[in-house]
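Would you mind keeping the following structure in view while I ask a few things?
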């Protein structure tokens, strides 16, 4: 064929589908072989199948405060975490956390000595690393236990007797991980796909690179996309009766010049009633379902549509043109750049389940 | 309801006419500027925010050989607008004279579901789905090249190739398992 | 020299960024030419402060000198702090003939009657604005020069701009202003922002407004860029119309840099697909805040690009039209809280 | 030649001579002179032709104008006659007609402004109107102010760009806008024109009289304090102009202040006082300067 056609064939959509085509269409495969199948989206055929759940169980309040060490819980709750996804860890043993702590301490110390240029980053010395298991922060038997990493250090101008201060903390977790996926993993792999960090970027980088070297895994930033944020709006609103939202605050950014930010704060009671009205229609449809059993993505969309509709009725301005950037309630806050804060322990499991799912999706396999 | 028809007018000599539909009216301008640079054929570009096109331009409008819907994935509105415009096209256009051009597909805040919806739409209409980078000059050149290739075929300027034939090769198809949730 | 003077000077120098320090000091009459020449602005802030403190000792500067310096700085850099707009109402017949000297005297004497210890400094700026600096004290304490209130008023106009005012001082200032400008009352204009210039331009209508006209609009002429004849915009007409509507609502060209607007909505939730909520009696309560580096320009873009539909809703066009950026919206007219009747369905 | 030789020295003089010699060699001066004159004659002839046609155009334009003016008042029959008469060469006559129309429209517009007309535009499908009030001072068009009004339920000003120090709302109340909008617009126009006039005068004073210091002015331009200097004695005189009638361009009260009281009591300064009250400020100052009363 003449050259111009090549550029048509180069369109990425083909590369994604070629493999699924019947073999009789062999010319396609020949194109594929000469162009390389790399999709511009980085989607591999196997991944096209994986989507966020379209329906999920309504958040039950889990009283994890009884199960989880209160000190750990307090740490998890008070901090805003920067999220990443982690591919499965090779030969990771929950029994060897002590030795990992030592190794990581040594690694950080060594790196510190090497990179004098970054000394400004941390005015501390004498790093002490602790890896520990957060008992009870799992949902199913397939979930690996959550691991907490804490780094303490002496402030640079500290007195002798001053206690070490926590300079960095992070965790790796898996809550309600997809069973099929977890079962399909080879024997020596542990799946803790969701990672949260809090502390200096430099230390985050060090910890990540140690994990990468030691367990042959990879890290990547986990953004919370539009749909996940909408899920959080619904999931959190659904909790209002048991634990007050105080307010439901959503921030949109509209792509105009200069950029316009719209913050929409809804009275919690009104948000709850809107949510109920959106749910009510559904419960009439299929009554056999247990009450408050599961939430469908359609209901989430209806809630958002209701909120946007009310906004549009007043301002004649379509929020759909922009993107949801942030959701804040008394139960927690989430930003699209992958920062999350969970303020209420009772709904931590629900939120982490959603995020685990997102992490598994984002993970290149 | 006036719909745009593919064969209601005579073609011009060595001329190809393309209609770019984009609700945000941002990428279309740079794309148009690049498209008219083409020297081997005369390319006329018509720009629209949405369909239907205004009646008063009916006379002056040449035969449109290719309709391109530009969809910015970061904006829900962009898709909705394109979707609403489709019904103003004559069915004849869907025989290889329509294509979708998606921008911002790699943006982190874009939910994968949105791309799926566009994919399904393109597949159901047997149209090709292109991806483009709208921020860099390279991206614009790339997108222009691809559109020109399709345009030339659609306008009947490539011997032995027809729009229908090309679209049969390039139309978007949806993976079989797109609707199967992988969890639960 | 008093200790308090030193403190005021120290605080002030800390506030002024080094690049502005030179221009500010040069406009000030407190230093001799030789002293001005001896200043080395490449030094650190700390060293400069020390130098000025020693000069303060030498020249025997009083608080009066220092406050003058402060006023010079604030007048040159007005876009700091939160400025609030106030509107004077019900002018008396002679309100229009109030002139500066008379106003100065009246304001000082009226405020002096209300508060025992108060230090007032009034200065007229080149753009006809009267700047008033008030350091408040009470019957026991002397005026606190560290937390002054600044008031900007253009004589013969009904607008006053204030920053750094506490709720306790508000009635005192209001009374003094009302009396000395020959008005009966003063009310909050519900407009506030970090940029004094923006608030002033908005209230005094010092920006380019666009009105409908029969003559070929200058807008259309301006937009006529030399475009390629091969490119044609199908919906150029509606696009231009949207642009015209957007400009009529928000103005043309550079707009006052307002940065936010807040709406407190307590209106009925109406949605034909949602009967439960529509039939509910209580209003749906929410607060909407718009933020941008230049809100009016953002909103104009929204309307011109079609993100916001035209004609622009009165809720948004009220920002420039009424010159306010705080609104309480309720469904029914009566009641003290309903500041804007919501007319659309 | 001498000038250059003294300035530039021998070498520059030599090079100058060389250039002259070279140019002489190339073009015989005699012939070039003849040519020059011929070209000039040609150019003048062309110019004469141009002027002739211009006169012709102007005349026909005049004729067209009068016929147009007559047309608007007379019957249509005559119009056709004129049409035939003018149909000499269509291209030119078309253009001429257009030009005649243009001048006519311009004159009409001027007349419209002169009789105090306002441009009114219907807005929002007849639910409102937009009125524009033009201001001018001494034949110079200044700012145009606009009022957008709702017609129903009652006439109400909903948007305007009148400066805040013009008491628009009280004018609307007093002038009984509901029943007599013309009267209201009339007073508003007076206010605006007077304001524009005062502002323009102040601007002119600042431009033309640099020696006079403007001590004080306000946004409404209703109070003006100037400082004059008397020549010779260099005495400073403070002059306060009070424009208490806001619909007037001239001050209602003029007051002088001076340390030397005798100056103010002189007849000259009494005259100056009435001069300032009766003539526009910049002109009055000009006269005072000419009389030698001020610097």
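Each chain carries a letter (A, B, C and D) given by its place in the written order, and its residues are counted from 1.
What we mean here is this: contacts are C-beta pairs under 8 Å (C-beta built on N, C-alpha and C of every residue); 3 or more make two chains touch, one makes a residue touch a chain.
Going by UniProt, the chains are A = Centromere protein L; B = Centromere protein M; C = Centromere protein N; D = Centromere protein O.
Since this is a predicted model, take the numbers as computed values, not measurements.
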Pair joined by more contacting C-beta pairs (B-C or C-D): C-D
As a quick test, compute the distance in whole Å between the mean CA positions of subunit B and subunit D. 56
I'd like to verify one number: the distance from the centre of subunit B to the centre of subunit C, where each centre is the average of its C-alpha atoms, in whole angstrom. 48
Using CA atom averages as chain centres, what separation in Å is found between subunit C and subunit D? 36
So the centre of each chain is just the mean of its C-alpha atoms; given that, what is the distance between subunit A and subunit D in Å? 69
Residues within subunit C bordering two or more other chains: 305, 307
Using the touch rule from the top of the page, what residues of subunit B touch 2 or more other chains? 24, 77
Would you pick out the residues of subunit A that each touch at least 2 other chains? 318, 321-322
Mind giving me all the chain pairs that touch? A-B, A-C, B-C, C-D
Taking the touch rule as given, give the residues of subunit C at its contact with subunit B in the complex, in rising order. 228, 230-235, 237-239, 305-307
Give the list of subunit A residues in touch with subunit C in this complex. 254, 256-267, 270, 273-274, 276-278, 280, 306, 309-311, 313-318, 321-322
Interface residues, subunit B side, partner subunit A - complex: 24, 74-78, 80, 105-106, 108-116, 119, 128-131, 145-146, 148-150, 152, 158, 161, 166, 169-170, 172-173, 175-178, 180-184
Report the residues of subunit C in contact with subunit D in the complex, numbered from low to high. 91, 96-97, 99-100, 124, 128, 154-159, 203-205, 209, 211-214, 311, 321
Please name which positions on subunit B make contact with subunit C in the complex. 19, 23-25, 32-33, 36, 42-50, 53-54, 57, 60-61, 77
